[in-house]
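Letters A, B, C, D, E and F mark the chains as written, and numbering starts fresh at 1 in each.
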Amino acid sequence: MNRNHRRTYLSGAGLGLMYVLTLLALIPLGLVLWFTIAKGLPSVIHPQFLFNSELPPCEPRCPVVSQAGVGHAIVGTGIMVGIASLIAIPVGVLAGIYLAEYRVTPWSNWVRLASDVLVGTPSIAIGLFAYAFLVVPLHHFSAFSGAVALAVLMLPIVTRTTEGAVALIPNGLRESGLALGLPRWRVSLQLVLPAAAPGVITGALLSVARAAGETAPLLFTAFGAHILEFDPSGPMQALPVTVFKYALLPYKSLQDQAWGAALVLIVMVLSINLISRWILRRQIALAGQL
Amino acid sequence: MAVRVEAKTAIVTSRPRDGFQWVVGIVASAVPALLLLIILTLLLQATPAIQHFGARFLVTTDWNPVTDSFGALPAIFGTVFTAFLALALALPVGVAVAVVLAEPGHTTLRGFLGTGIELLAAIPSVVYGIWALYVLAPWSYEHIEIPVSEHLGFIGWFGSPAVRGLFNASLVLAVMVLPTLTAISRDVMKAVPRGLKENAVALGATWWETTWRVMLPSARAGIFGATILALGRALGETIAVTMVIGNAYIIPHSIFQPAYTLASVIANEFTEATGMLYPAALIELGLVLILVTLVVNMLALVLVQSSTRDARRAL
Amino acid sequence: MADVRPYIEPPVTSGRPGLRALRGAGDAKLKVDHLSFFYDRFQALHEVTFEIPQKRITAIIGPSGCGKSTLLRVFNRMYDLVPKAHASGAVFLDNENVVTSRRLLELRQKVGMVFQRPSPFPMSVRDNVAFAPRLLGWPQSRVRSAVEESLERAALLDEVKDRLDQPATSLSGGQQQRLAIARCIAVSPQVILMDEPCSALDPVATLKIEDLMATLTRDFTIVIVTHNMQQAARVSDFTAFMLMNPEGRYGELIEFAPTADLFNQPQDDRTEAYITGRFG
Amino acid sequence: MADVRPYIEPPVTSGRPGLRALRGAGDAKLKVDHLSFFYDRFQALHEVTFEIPQKRITAIIGPSGCGKSTLLRVFNRMYDLVPKAHASGAVFLDNENVVTSRRLLELRQKVGMVFQRPSPFPMSVRDNVAFAPRLLGWPQSRVRSAVEESLERAALLDEVKDRLDQPATSLSGGQQQRLAIARCIAVSPQVILMDEPCSALDPVATLKIEDLMATLTRDFTIVIVTHNMQQAARVSDFTAFMLMNPEGRYGELIEFAPTADLFNQPQDDRTEAYITGRFG
Amino acid sequence: MPRLTFERELASLRESLVRMGTLVESQIEAALDALRRRDGSAAEKVRTQDQYLNELFRQMREQVFMVISTQQPVARDLRYLMGLQWIATELERMGDYAVRIARMTGTLVALPDRPLRAEFGLMGELAIGQVHDILEALIDQNEPRAREVAARDNEIDRLYHRVFEDLVKEIGNGHIDSDGALRSVTLLLVAHNLERISDRVTNVAEDIIFLESGQVVELG
Amino acid sequence: MPRLTFERELASLRESLVRMGTLVESQIEAALDALRRRDGSAAEKVRTQDQYLNELFRQMREQVFMVISTQQPVARDLRYLMGLQWIATELERMGDYAVRIARMTGTLVALPDRPLRAEFGLMGELAIGQVHDILEALIDQNEPRAREVAARDNEIDRLYHRVFEDLVKEIGNGHIDSDGALRSVTLLLVAHNLERISDRVTNVAEDIIFLESGQVVELG
């Protein structure tokens, strides 16, 4: 009786504590968003910020010149992530299908382990790899090598998310398909994969977002550039690199530039994320009905 | 009768070969192949340093491009220290969040929290970096480090506060690994069959008792795995740390002092690295980093898988 | 035999022959009184009124979605787990209205529940049974005896007595379900609710559970929801038939009667249609 | 009536009265011949031998784990999905040995299967049925007619004819199961295997399916695995009772007989013990 | 939803019952015919035919078993099945009466011929009519009809008592030889059996009422 | 595994059946007693007691319904239930015979007293013995015993025929008044009914054999 009262109150208190801690965890998010917007907006509000590729003049305490912009970084990120996606997504999706459809074979276990390890591999190390593998032989930095680094980064993500989505499709669907006398590849590609499509797309989007936000792999592959570049065989600027490099420089104008780039980056990445989450929810709901 | 004999001899059933399996299987092999390629390449590039320093590399402390004498110990120390401190800070919060998010039924509040945590994961590390550099570090310097060093300064570990240093790096790291921690812990907790909770409640257990005596025990291994996985992330995190750790190639005597991590050394110095040994040494750092994370990750994977398997069996 | 002859006592004239009949109805344990239930806006139960007799097995049958589980989950307030769910009307357990009760822990100790999936806790067999008693802070000795006794009563002790410290997940499906029952009677409840306790088991395990229920009625009032009409017929003393009201889209109680009567002379045509399989 | 009287033909003396009896056994569709089955090292079936008569319903019953599903999955080689699984002995479908057959796709078109969970494809009702025919490259017109006909035969057309283009997942559980049946008969198989097709359904939906099966026997040979003995009794013409061999730990066929006989004069004591619920 | 298989089984059961009924009817008729025509061989035929009747009855029971054990009927369905089975039993018994009458014919043909009382014809007519009509009542599930048919029992009883008294008087008036005695007594038993037949019809009527409405009634 | 509930139900069914049996036995005994002692009121009592018997029978049937519809017995179990029910029917009928004998006693007491033939006593003994023993055979599930008991039928038949012939002769020897005639005929019917009782016992024996072994046999 009395004891039960005590238990009830304790329980309530515990629940409260949990929620408090959760809110605490969200404070950084709020702060990051707030400061990025607060400090980035002044630069971004100038429309040309997104299109120009000018550096602000960089003497100490000189005013922000309105020609300044990060267009070249945006384009660079776009190009490199694009190339990376072209490489990583098809391979990743097929690999994911393999992992999901042939779950128990010993080889698939190795593949799974490898991709999990690859997901955990520090991006900087992947940068080193791309450098050693492409930059050294070709003797110059190139956006392409950066793209490759990003692809390596994306591949395991795509693989695992695809696997997750495909594995979410109940086995009954496969068996029903096979029981109708359909060949295995038709069942996998024409029945299961469509059913899992939203999940797969989500995975791809997430990997894209991740790649778009990465700095380390690009530092010594794409290296960066101060002008608008379209040729992937040469160095190229990227948004995160912009943020990283300018932020560390002691010039207010460049730091503002960095904040602006950060804002652009975060908007890009977060929007991709929200979209993918939305798709994913539909996927889960759908799979629930199957 | 003859038929029967024929039948009984046909022991193994003939399976037509599954071409599809081969195709996707080969494509999938790209992943492990890539991993091997990475390690081999780095090994190759690092050989000069490896041959030159041998095992000494891991235990010596000086880092002098001029004299070409390189030792990894300070970087290793910084890496490991920041990672563990970060986890120590993140773990309690992370588990709490997981518990809250794993609650059944979808309330708007919980939905909001969940989204928030996942967005936390989505924010690029460079953005954390710039934020930590200009907002978090100065703030923590004023409101944490100074007061602490004033009161506990006599303990050397809490002396000599600095804006950029181990502690602030760990702080930002903690924020960054939190999503990994929560995401996986939550999934593991969700994998705990709903029946368990219902049964506990039906037996007259309170929410708290249900959570701590039934839910968490079922998810224990998984949560531990999540922690290790987070550790892996923390070890490998580059940019944000690089921006706030202060870049001092020393083993500091205070947690507030500047230091260095494997990743940040590479990030800072690789592009300027010239000559024969210098780049090789840096690449060897990378190699060390990879191997450490590789071990840690494998450990984590084993744990997570085993726990989710248990959950499935209990179901 | 010569002596009996002249004096032949008139035979009993109870409508329901057989042992169960002779035991009669006894008095009510749960009085369900104009109970309506809502999942947020959706009404799942409408004005359900009947009395569940003490130390008898009462079965609740009806087509899927008619609100059987919902009704059951009102009796121990499990629905509190569902956000926005609420009930109107009353369910009296010894003159305490369950629906408005605030002492949930006591209530759930008095009204135990067994679910479709046994879901043993991730601990040893013994700890599973000892779970609730320990929460109540019983002394070690009492806990130990309670464990013994419950396993005994759940007809499980013999099978597991040398595996008490192995993880409960190592038991077979049927054993796990009996473990769930033992776990539930460890705090000696007065009522045991069972929601399709056998639908995950094979016929053999099922019959074991059914026999167990028959013996448990000595001490407990049992309410069982089942999809399996034959099972309801086999095990229960009383049966409640529920149906989803065609226009109202809410579940109602159609008929409540001694099982033997309900399956021989159902009073309501819908009941007859259902039990003879001519429904819908 | 006056005319009949003098000439009374001698009554039929068939052992199994009733319509099903009058239909008799007919000839065998599937000849199972000393079939043993192994999951890698574990032997699930041992020397199973019996004949499944054409255009009849044959039920396979037995306690959990005795190998019912395994046996069923041999008939259309579904076990190929399980690595290292292999069978010895033979199963003849029109003199072709299923076990050694290499033409799996034809086989599975000839021997359709319906599972416990209907698992509708994530597409419209129509496309669900049309899926296989399309991929088999049938001409549009033929596909269309096949869809119509299959839905009709699956006793589903009337209920869904105005929802053909809605997602199949919007159907009720029972309808989904009948959709699965329609999907399976769309490629006009000769044999339909059903693995506990009703154990996820409520009694009403179940009886619908059972009636459907009764009508389907006009054109198909049906083999159904079920946990529900009463169901086997209700729907099947022949019943096979399987049991896990106590020492061998492998499933065997204990008795195969016309259902009426098996449930009235079982020849084997284990069968009697099982059907009268005194097993184990 | 109809439950096809079960309905089919019921139909075929009803069918075999009707079959039995027809057979019984003709058996009684044949037995009385033989009695009227003092035809020993015809009487013999009745006894052989009874085999069929018994076989039909055996099958009927077996089928009822089959249906109960495979279809698990409850409530009305179960009542119906049991009712059919009880009726079958009654019919089988009626067949026995026919056989007994045939046997007695056997006794009578050995005795000197004498004109047969009109009542026997009447009772026969009535009994057969009852059997016939009760079966129709069963098929049409016509309860009132069943009651009506059962009510005719009194008619037969009246005749039976008349026959009884006359025979007793006949015996009582002294001058009667042993053949006469045997004949009278035998005829008396014939009458008794006819009366029993119509009692059985009453039972059938009760069974029909039961399987239609579930009421247990006492007619006559 | 025993299936407790079902076993309980069976037990209670067997019990009520034994109850019926005992009652039938005593009814027959009472009826014959009344006949011997020419005690009209005792005979009357037999007829009232028959109410109980019918009630017991009604309940028995109801219970069988209940068990079948709730326990869905098959194979041996179902056979057992049905067998019990058939036996109950037979017992109820035996009760009817007792009642009829009682009625005839009613007729006889109105007639001048004359010593009763010894055969009646014997037949009564035999019949009652049969009923008693057949019930024991049922309870002990003793099939051979049942056959043995049924076999005793011949004994009674023999006695019946002797009575029959004697009575016919008595009638046939001319000088007999109307009372005498009525008495003889009535006694004849009494004998007939006793004989029928033992026929019923034979049926019961057949039922016992069926519910034990599933064989359908024709005894006697």
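Couple of notes before you dig in:
Following the convention adopted for this analysis, a residue touches a chain if its C-beta (ideal position, glycine included) is under 8 Å from a C-beta of that chain, and two chains touch if they have at least 3 such contacts.
If you're wondering where the values come from, they're calculated on a predicted model, not measured in any experiment.
Looking at the partners of subunit E and subunit F together, the chains they share are C, D. To overlay subunit C on subunit D by their CA atoms, one rotates by 180 degrees, a value rounded to a multiple of 5. More contacting C-beta pairs link the chains of A-B than the other of the two pairs A-B and A-C. Centroids built from CA atoms put subunit C at 49 Å from subunit B. With centres taken as mean Cα positions, subunit D sits 52 Å from subunit B. Centroid to centroid, with C-alpha atoms defining each point, subunit A and subunit E lie 92 Å apart. Shared interface positions of subunit A, defined as residues touching 2 or more other chains, are 7-8, 105, 183.
Annotation for subunit B: residues touching 2 or more other chains are 206, 209.
Across the assembly, subunit C contributes 105-106, 135-136, 204, 207-208, 230, 233, 263-264, 277, 279-280 as residues in contact with two or more other chains.
Partner subunit F is touched in their complex by these residues of subunit D: 230, 233, 263-266, 272, 275-280.
Remark: subunit C residues 76, 78, 81-83, 104-106, 108-109, 112-113, 115, 117-123, 131-132, 135-136, 169, 180, 183-184, 187 touch subunit B in the complex. Those residues of subunit E whose C-beta lies close enough to touch subunit C in the complex are 1-3, 6, 72-79, 214. Of all residues in subunit C, only 1, 4-5, 8, 10-13, 16-20, 22, 204, 207-208, 210-211, 214-215, 230, 233-235, 259-260, 263-264 touch subunit F in the complex they form.
Subunit F meets subunit C in the complex at residues 1-6, 8-9, 11-13, 16, 19, 22-23, 25-26, 29-30, 49, 52, 55-56, 59-60, 62-63, 65-67, 69-72, 132.
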